[in-house]
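Pasting in a structure now, in structure tokens, and then I'll have a few things to ask.
Labels A, B, C, D, E, F, G and H are assigned to the chains in the order they are written; within every chain, residues are numbered from 1.
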Amino acid sequence: MSGEAVTTERASEVGGMTIGGRTFGSRLILGSGRFDSPDTLVRCVETSGAEIVTVAVRRVSLDRADEGGLLRHLEGTGVMILPNTAGCYTAEQAVRVARLARAAGLSEFVKLEVIGDERTLYPDVVELVRATRTLVDEGFVVLPYTSDDVVVARRLEEAGAAAVMPLASPIGSGLGVVDPLSLRFIRDAVAIPVIVDAGVGTASDATVAMELGVDGILMNTAIAMAEDPVKMARAMRLAIEAGRLAFEAGRMPRREWARPTSPDEGRVGE
Amino acid sequence: MSRTRTASTIDVVANGESHTIPDGQTLAGFLAARDLDPDVVVVERNGEIVPRSRFGELRLETGDRLEVVHFVGGG
Amino acid sequence: MSGEAVTTERASEVGGMTIGGRTFGSRLILGSGRFDSPDTLVRCVETSGAEIVTVAVRRVSLDRADEGGLLRHLEGTGVMILPNTAGCYTAEQAVRVARLARAAGLSEFVKLEVIGDERTLYPDVVELVRATRTLVDEGFVVLPYTSDDVVVARRLEEAGAAAVMPLASPIGSGLGVVDPLSLRFIRDAVAIPVIVDAGVGTASDATVAMELGVDGILMNTAIAMAEDPVKMARAMRLAIEAGRLAFEAGRMPRREWARPTSPDEGRVGE
Amino acid sequence: MSRTRTASTIDVVANGESHTIPDGQTLAGFLAARDLDPDVVVVERNGEIVPRSRFGELRLETGDRLEVVHFVGGG
Amino acid sequence: MSGEAVTTERASEVGGMTIGGRTFGSRLILGSGRFDSPDTLVRCVETSGAEIVTVAVRRVSLDRADEGGLLRHLEGTGVMILPNTAGCYTAEQAVRVARLARAAGLSEFVKLEVIGDERTLYPDVVELVRATRTLVDEGFVVLPYTSDDVVVARRLEEAGAAAVMPLASPIGSGLGVVDPLSLRFIRDAVAIPVIVDAGVGTASDATVAMELGVDGILMNTAIAMAEDPVKMARAMRLAIEAGRLAFEAGRMPRREWARPTSPDEGRVGE
Amino acid sequence: MSGEAVTTERASEVGGMTIGGRTFGSRLILGSGRFDSPDTLVRCVETSGAEIVTVAVRRVSLDRADEGGLLRHLEGTGVMILPNTAGCYTAEQAVRVARLARAAGLSEFVKLEVIGDERTLYPDVVELVRATRTLVDEGFVVLPYTSDDVVVARRLEEAGAAAVMPLASPIGSGLGVVDPLSLRFIRDAVAIPVIVDAGVGTASDATVAMELGVDGILMNTAIAMAEDPVKMARAMRLAIEAGRLAFEAGRMPRREWARPTSPDEGRVGE
Amino acid sequence: MSRTRTASTIDVVANGESHTIPDGQTLAGFLAARDLDPDVVVVERNGEIVPRSRFGELRLETGDRLEVVHFVGGG
Amino acid sequence: MSRTRTASTIDVVANGESHTIPDGQTLAGFLAARDLDPDVVVVERNGEIVPRSRFGELRLETGDRLEVVHFVGGG
């Protein structure tokens, strides 16, 4: 099955998402870190159907010939490159890195991270709102990685963010959706797309998140660190579609007591 | 850093480390000397981003602080 | 997308399951109860990709012309009909109904239910083991609906069951997988297929169940009672494939502390 | 059940209710009289399943207890 | 605080439980296995307020002088000794061990275990029901350790059990109450006392279990294997009382949206 | 049992907590809203052992004789009154209300609330940090109600807060501890006391929270809206002590497989 | 608020509503006239908190804005 | 088990192992010889429980199978 055919199929099934005026057929954003090779990454891009891939901005090595760069590998996939500001701890640092990223000439999109705590990689939401304002003023399309705080999400929207990207659980933890209620609060409180960023560990986590009505999911470790990343990439793609479809289909009500699915009347020998 | 400095070289700081380069070297020359493809890097000089179109004309000066970055895998 | 093409695709992705010597391309078994019309049922069969559909055995109406019967509607789908013994409270009743079902001439397969409690529709496992023995002796291919008790599961296997079908939560409750550990115990304890039967309420429940390594899922209310049954049928199909793929792919380890996906070294301005 | 019984009828119990039928009626006749397609029902008579091939020859007798079943939607 | 005073206090707070015609002031039954010393066990008995302590029946050592026996240590505590049939895998074995236990002359009470699986220590409920019948016929007061299967619980009650003791999670696992719904089903289905047996790992597990309305809890590893067993014994005692009181007090309803606790009207400066 | 005796007992069991230089024997802070009568409130204060009671600041009625005021009722209990700034949506409002509260002359303590969202009553953490700085500068002992964001908690500590009071789930929801991990992150990240504020619905929620190692719990609706508030107050007191003791005692490790508590060797008839 | 205003009265706003009071009335008088115990209320006048010790001497003036608050049940 | 067997000894199996004991030894004697307090053990002989009151009179015989048990810590 070719990547193109797949995109077509999916788009027709669960629609896509529109961020900052651009429409993407896939609701999955793939992070490019921690893959064992560029080749595995590329295959996961294709298998997952992702149309957006995040990258980090880092110093080149000036002492030895560098490996050539990630972009060369991703060129053929047709994905949009989404630079992040990972590793920044102040609004100023993050703004600086965002500007460097934009200077590469690929797009105005930036995944904005302003970290506030090294152990949990939790965002510093005060700095985050500041940095969002600055970057929006400079014409960036800003996608901030944020906490699951509904008030902060609304502030980010007010500051001009193109989407909000709340965490499901800590980056790289694989703990899944710890607090579904807060994600729903955010979903209900903002009009911009909500992309769950961080915490997904396996396919069912993605399905659970999508069933809350969010627009998409950004994931990285769950695929890169699976025993078979390419197979997990496929699982994630289906899991996101399944969750979205289930959200749209409207689940049955829960009940504590059982209810038969076969008719009570007409039983033999009564 | 311990290399002999002659009249024809200057020192710049690039990516946090001191580099001794020929006086008058352009940014393009600096990158070429290190086998770096100018199309995939972005350069900040003394806090200002240098447009790629100016790599060829911009001559580095003593004490310049450069950040030379590119994209790597990241989530 | 035609039903046939779909089956081919899926079979190649996540394999099928073999029960009682027959191989099925889909891991989803669909219950046919509580649908608003035979037409909706048929469309859900097609959309879900199910190759097995359960039915109940009930008295015909002798007073008024009956609606013609479910079988006529399902004929075109090519599914295998799996009669159940729903509503039976003793081994004797269940055996009697199983024999009636077999006399219809479709197959030797029976989904064996012996209920022990009307409110929870929990099985009576003592009667269940007895009925399984009897039916196996008579040449049936027996798929017993059972509790999540690992010892009972092994007893059913010893009695000759072709698969065990433990509940995830009460029939018709939609509460999902309440006790994943017990399902894994069963998965590890028996060599026959394990089909989760009852309790799935939405797509993520199916994904969670499949990630435990079970072979398939029987569901009914989650699809029939969704606001849009046909869309939910599609969600379920993808959810089961996603869960199976994730199980096979091997998920990342969970960790409580965060771990960056972008490199720590080489940050700008350090 | 309160219908007049004549010499030419008998009573059987089918699906839990009494039915007065012509004496000598076959099982096939019983089903046909009720517009039932013999191909989609299964019949148990006095606790024994009747093979479909015997529907035509089997004559019902007074007091016979029949279960006439088919498949309906169920989970 | 003396053990006696404590019992009085508790009895007046949350009442006790009556099993087989005997009333106990405490709802906590303590298992005596895995303690680092008899002295720690005795202190935990006193601190927990337990009035029933389970013991196992094992062969004495005929080669070397034995340590003198557990009973000597427990004599001063005034607890009722409740022998178990741990390690038995058939009804016959369990009945044999129960008879040996009774011959010690302490009481007719027996905690009946018939294990069906070595890895999970799940009961074999078919054998369990058989053994219960036999022992009840012989005049025993039978407390069977069982699964969380409501139908089996009712069968045990019919067989004459004096209480049912469903597991919360596997013996020694410390996973807490995995399936609260099933425990409530049991609580609603039988008239005899329900004692949660196995799975409690920390104080909150005990509180959760008691809030379901069960009558008591049997625990062992959670206390014996805590870093400070005596302190955990005290925690458990309070946790059980807290859970029972909360059950009786009737908790507030859950709601997804917030609701202020301070008045909306009369705010300053409105 | 008199209130005084109780306090003594508890203090000796699980110690107290020290906030802003004052030591309290009880780890429970009681909110005074939504009680059916002042009398019920006073009885719950006594039964719970609380030594701090929160109150709201509201306009008096100038048209009709007011009921006399809450303080008269609480005078005899010896509790410390902790005014809150509930209902404030900006730092300025909250500061104004805090000053009014202090002018009552009772103490410098204030429970600082700056709400950011009416439906969820989530705090506005940006405003919260600002208001904390202002009030600390004015000599207040500030206890801010905050989200479960570890970075914000550290910022509040840096701003001079005397404690942080993260929510367990939305105010008045009774959903319990939704995200235990985030509460532990906070517990590990700050040196000031951590008081869980909001979300506790029943006794086990309190035990769960305390087992995370937090210093205390502020609760209101769980007691006021219980069917029997006084009994629930007693349950909560025990639940908090149980949780604290269990935290200090160090729980057993969790394990997925069972482990017998009775010895394997020496079984009868082997 | 539509009461006739005479030379001997003034209008103040207290807790958001207009009150017509005798000219020259002190804050203590204002509270007493409303049966309010001065020991359990706190008063803010034109944005400034009034110390309780000054309730007796402080004369209210036309247009004064008062907040008169006390403690009520709250979590 | 490899001890010489004389006319004055017999073999019994106790707790799964063979024991050579003096011919005519009582159960009480058997326990006493092993320092066991008869008050805290229970004995089963050839599948039948021996009442404690009979320990003194019961003479063990060749091939007797004994289970001698007591209570130990268990959950």
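As a convention for this text, a residue touches a chain if its C-beta (ideal position, glycine included) is under 8 Å from a C-beta of that chain, and two chains touch if they have at least 3 such contacts.
The shown structure was predicted, so the numbers you read here are calculated from the model rather than taken from an experiment.
Annotation: C-D is the more contact-rich of the chain pairs B-C and C-D, by number of C-beta pairs in contact. Distances between chain centres, each the mean of the C-alpha atoms, put G farthest from chain C. The interface at F-H recurs elsewhere; of A-B, B-C or C-D, the pair that shares more than half of its residue-numbered contact pairs is B-C. Centres computed as Cα averages put chain A at a distance of 64 Å from chain D.
With centres taken as mean Cα positions, chain D sits 98 Å from chain B.
Averaging Cα coordinates per chain places chain B and chain H 94 Å apart.
With touch defined as above, residues shared between interfaces to two or more other chains in chain C number as follows: 31, 33-34, 56-59, 84, 86, 96, 100, 119-120, 122, 170-172, 175, 181, 220-221, 256, 260-263, 266, 268-269. The set of chain B residues touching two or more other chains comprises 15-16, 44, 67, 69, 72-75. Listing the residues of chain A that touch chain F in their complex gives 116-117, 119-120, 122-126, 129, 147, 149-152, 154-155, 169-170, 175, 178-179, 181-182, 185, 189.
The touching residues of chain H, when paired with chain F in their complex, are 15-16, 44, 67, 69, 72-75.
Listing the residues of chain E that touch chain G in their complex gives 260-263, 266, 268-270. The residues of chain C lying in touch with chain D in their complex are 31-35, 41, 54-60, 62, 65-66, 68-72, 81, 83-84, 86, 96, 99-101, 103-105, 171-172, 198, 218, 220-221.
On the chain G side of its complex with chain F, the touching residues are 14-17, 19, 34-37, 40-42, 44, 49, 51-52, 67-75.
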